[in-house]
Amino acid sequence: MEAQAIFDALKGKFGDAVVELQSEGFSPAFVVVAPAAVKEIARFLKDDPALSFDSLMCLSGVDYKEKFAVAYHLHSMKHRHAIGVKAFLPRENPSLPTVDDVWPAANFHEREAFDLFGIAFEGSKDLRRILLPEDWEGHPLRKDYKYPDFYHGIKV
Amino acid sequence: MEALAKSLVNAVPLLAGVPLWAVTLLLMVVVAVVILVFALTFEGVGSLVLRKVAGDIQARIGPNRVGPNGILQFLADGVKLVLKEDIIPANADRLLFQLAPYFVFVGSFAAFVVVPFGVGLIAADLNIGIYYVMAVTSLVVVGVLLAGWSSNNKWALLGGMRAAAQIVSYEIPVGMALIPAVLIAGSLSLQDIVRSQGGLLGVFGWNLFHNPFTFFSFFLYFTAAQAETNQTPFDLPEAESELVSGYNVEYSGIRFGFFFLAEFGDMFIVAALATACFLGGWNVPFFNADTLPWIWGNLLSLGVFLTKAFAMVLIMMWVRWTLPRLRVDQLMRMSWKYLVPLTFVNLLGVSLWLLLFKGKGIPGMIASLFG
Amino acid sequence: MTIRTDALPTQEMTINMGPQHPSTHGVLRVILTTDGEVVTRAVPDVGYLHRGLEKIGERVTYAQFMPFTDRLDYLAAMNCNCAWAWAVEKLAKIEVPERAEYLRVIVCELNRISSHLIAFGSYTADMGAFTPFLYAIREREKVNDLFEMICGNRLTYNYARVGGVSGDAPPGFLEKTKEFLDYFEPKLDEYNNLISYNKIFVHRLANVAVIPAEEAVAYGLTGPNLRGSGVPFDLRKDEPYSVYPKFDFKVCVGTGERGTPGDCFDRYMVRINEMRESIKIVRQALAQIPDGPVLAKVPRVFKPPVGEVYFRSECPRGETGIYLVSDGSVNPFRLKIRTGSFVAMNIFEKVTRGLMIADIVAVIGSFDIILPEIDR
Amino acid sequence: MGLKAYLNDIVEAVVTTAKGMRITARYGVDPKEEVTLQYPEERWEIPDRYRGFLHNDIKKCTSCTMCVKVCPVDCISLEAVRGADKKMVLAFYDINIGRCMYCGLCVEVCPVKSLTHTSGYEMASTDRGELILHFIHEDAAEVKARVARQVAEAAAKAAEAAKAAEGTKAAEPPGPATPKPAGAQAAAKAPEVPSLGTEPTPAPEKKE
């Protein structure tokens, strides 16, 4: 199914929660959605027989300087087609509902996005830092991240 | 030992004044030292041979830097172990920690007493030979458990528990597999067992070919004994890749050396028992060693015994570098569900065979056919 | 007499299968809570090898990031190099000459063989048999010689370039590769006789950590871990890139040969069979390789168009997906690398519930994880 | 489990073990299988594309700083001073092989091919100072002083030439235009946009 068809299906079902389709210059096209409706859209994308996106390839946080975004890359084993879903988030305390009950693969990716970007995922099974030590301050992959001078007395 | 002491006294007049018990005591110490030297050199050379055989099997060379072609490697290892600082972990149970290696070494060295090296070459021809070996080698369990518990390390504790479960549950098949040899020889003493395989039948006199059941019991014994001495298919107590080397993880220096030597001591004991009970011990095939004068008879029989024992040790090393390791529950299942029933059936088979054919094996019957 | 169990409170033991452990294939720490030998909960704790590759990616240019992809999965550096080159070429729509694509496929498949050899060797070493590990390393050294000939280094190859490869095959390289393949093919059957179908090895692996097909898909497993559960999904076949459509090879799938489909033995056997398929691919590639240039014209100051691309390629440890956001400047704007081992650790806690400590080692070996890929 | 499965287990165990042991025995007894290379005595013959330590042929080097810019770990550092005859004279050229990761990007990007890989790989040392290769053996300050003196002399010579030229010019109408004073700092700054993309080498460097 083509990106446009998927977009129309979602637009039909969720109306204004589905904002726009970024397809020019985006290799798997992106459907931009409102952050609040991510869980319902995710469940629909997985359960709908025509779409059946059963495998979450990659979930990544992106810092667009003035706003954050969480990009989901989905793929369907049955229909062998792929789509991207993006949710833009405000810069201060970005958060959106988790999808790790829809795709269990999301847990580690969400923990990484939380760890490196500070994006909180409400209702996540266990959201803690994955790559950095627990008591690390700051989220390194943000564009405005300043390196701490010392960490437990070790020069960074 | 007294007979030997008496013959020594009247052979050397100036000893007449010394009381008999002192002479026998002195003699025992001398024999013990000889055996200890043999055991230590065997264990040293054994570790070198193990690494050379491993190198050969794994398409590489093995140690060749110390001495010509790596011959003195085991001396280097020994010196290294002695010079290394032997650390005792902070809140380890100090006394038990220091005691454990001695238990393990004594457990494995004490069994050398009854090993029948040659016609007259045996430290003490105990009439309860095999029973004594079974009792003494189970001392190793105590040592390993102590080591596991006292080094206050979770991995060591797990290693110790595994060792206890393994060695105890494999004692039964080892014991059961040796009893056919006892039934045939009619005595527990190892010298008698070896003599029962002598005679002019030569190679066919061995217990191995006595009847099909003893043939199986040799292999059962060999497998079970490998398990009892923690050899590779069963080296769970010091499983390098899981328990980071199990019970001897906190040991270093000469204490670790004792565990290391004891392991090779056990290896030799298993090989010695296998040769004595199933492969005709020091019997020179088709030739009676007693007829030779005293010194040559012993040397020849010693040579035959050692070649057979070393062949068994090499086979153990060969198996060691081929097979992966069992899991603990599979280990237990193998002992209780496979080895124990098989050895019992085997034992039944041997005793029925001896009852029916009045103690004669297949080779014996064939020989009696030809008169 | 009744055993007063209340009086003897048995406590669960928490063991640190710590970052420094002989069989965690790198600095992985697993916090085991065990009841005796049986593990009640095994929580992986990753991050000990986090070097911030994605942050470095935003500081260096597209060409300068190539040597860093060697450090992503150092056992399959060629695959990661080529993945990065393919991703940037997809973003900037660069046309790569035919010979360069063939060379890339040859070195990627050779690297798949050498990576699976390490997976096979270290797995049998974890199970206690050291000899196959030495045989695997001996074969891998021959592959390293080939790589040293073509790109000058034995581990961090840095061979691919955006728009082609750094150097053409030196004289004698193609013949030597053919020689290696003929030498290597019978070795696989030898390994199977030596260890794969060995009774103890099969007992240690069969029916351990079974992952049904839909659970593997739900947890996003990829590569041999996914195919081990019976899902015939191979990116080289289902989302063909480069010149893979020109070769015919079979997708090896776990069939539950010695246990149920999706157990450790299946994942292991998929890797062994995949080595045979890679031999087939390299042979066909050697036969059909055309002549021609090996590097396309790429402007010195390389500025890709603005846009976002997600490219994934089939690496030995699963799918390496690169999500590349470019704002038209010389440096990538955002770079997310998703790897097979990272996702395998996700399912680790669920799969190892109720196994024994020796099985934890078996599961780690069957997923063939490698830590630089997880922590990046 | 039935007796048949029980016996089958035993038979299978024995058969597979025997097969495995046959293979290890084959390797065990046959001595020519050894693949070990005794390192200090036997050396590995290095292929010609081997990326060992870097070596810079100073005479050919035009100090264009391309290698400094392309190095991902910034382990090359150089400083050049403008000489009297407009050409850049290298004050120091250091490569810190402790940091270098031998990726070979600098060798590819060097326009004059003065930076090459040697086939050396044995440079382990106890202190990091030894790991910094200095390709200019003189001390940097001396070089700068010497170059400054040359520039000063050139400037002085040029100034006299200019005065002499004026002397003659004053004697007869304006002669040829006086040469532009050599001392002015030439504006040839390094190309402002650092060239970072790899320089396309259309054909492999060495014609095989």
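Each chain gets a letter, A, B, C and D, in the order it is written, and its residues are counted from 1.
Following the convention adopted for this analysis, contacts are C-beta pairs under 8 Å (C-beta built on N, C-alpha and C of every residue); 3 or more make two chains touch, one makes a residue touch a chain.
No experiment lies behind these values; they were computed from the predicted model shown.
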Worksheet item: Nearest chain to the global Cα centroid?
Response: C
Fill in: Whole-Å gap separating chain A and chain B, where each centre is the average of the chain's CA atoms
65
Worksheet, complete the sentence: Cα centre of chain A to Cα centre of chain D, whole Å, reads 43
Worksheet item: Just curious, how far off is chain C from chain A if you go by their C-alpha centres, in Å?
Response: 25
Worksheet item: What are the residues of chain B that contact at least two other chains?
Response: 57-60, 321-323
Item to complete: Provide the list of chain D residues touching at least two other chains, using ranges where the numbers run on.
Response: 9, 17, 20, 23-24, 27, 35
Discussion item. Using the touch definition from the top, which residues of chain C touch two or more other chains?
Written reply: 131, 138, 194-195, 198, 200
Practice prompt. Could you list each pair of chains that touch one another?
Written response: A-C, B-C, B-D, C-D
Worksheet entry | Interfacial residue positions of chain C with respect to chain D in the complex | 60-68, 70, 131, 138, 141, 148-153, 156, 158, 161-163, 166-168, 170-171, 190, 193-195, 197-200, 202, 293-302, 330
Worksheet item: For chain D, which residues are in contact with chain B within the complex?
Response: 6, 9-10, 17, 20-21, 23-25, 27-29, 31, 33-36, 38
Worksheet item: Taking the complex as given, what residues does chain B use to touch chain C?
Response: 54, 57-60, 154-155, 158, 161-162, 232-233, 235, 239-244, 321-330
Practice prompt. Note which residues of chain D are touching chain C in the complex, please.
Written response: 9, 12-13, 16-17, 19-20, 22-24, 27, 35, 47-51, 70, 72, 101-105, 108, 117, 193, 195-205, 208
Item to complete: Mind listing the chain C positions that touch chain A in their complex?
Response: 46-47, 50, 52, 54-55, 90-91, 214, 217-220, 231, 233, 238-239, 305-312, 319, 321, 323, 325, 334, 336, 338, 342-343, 345-347, 350, 375-376
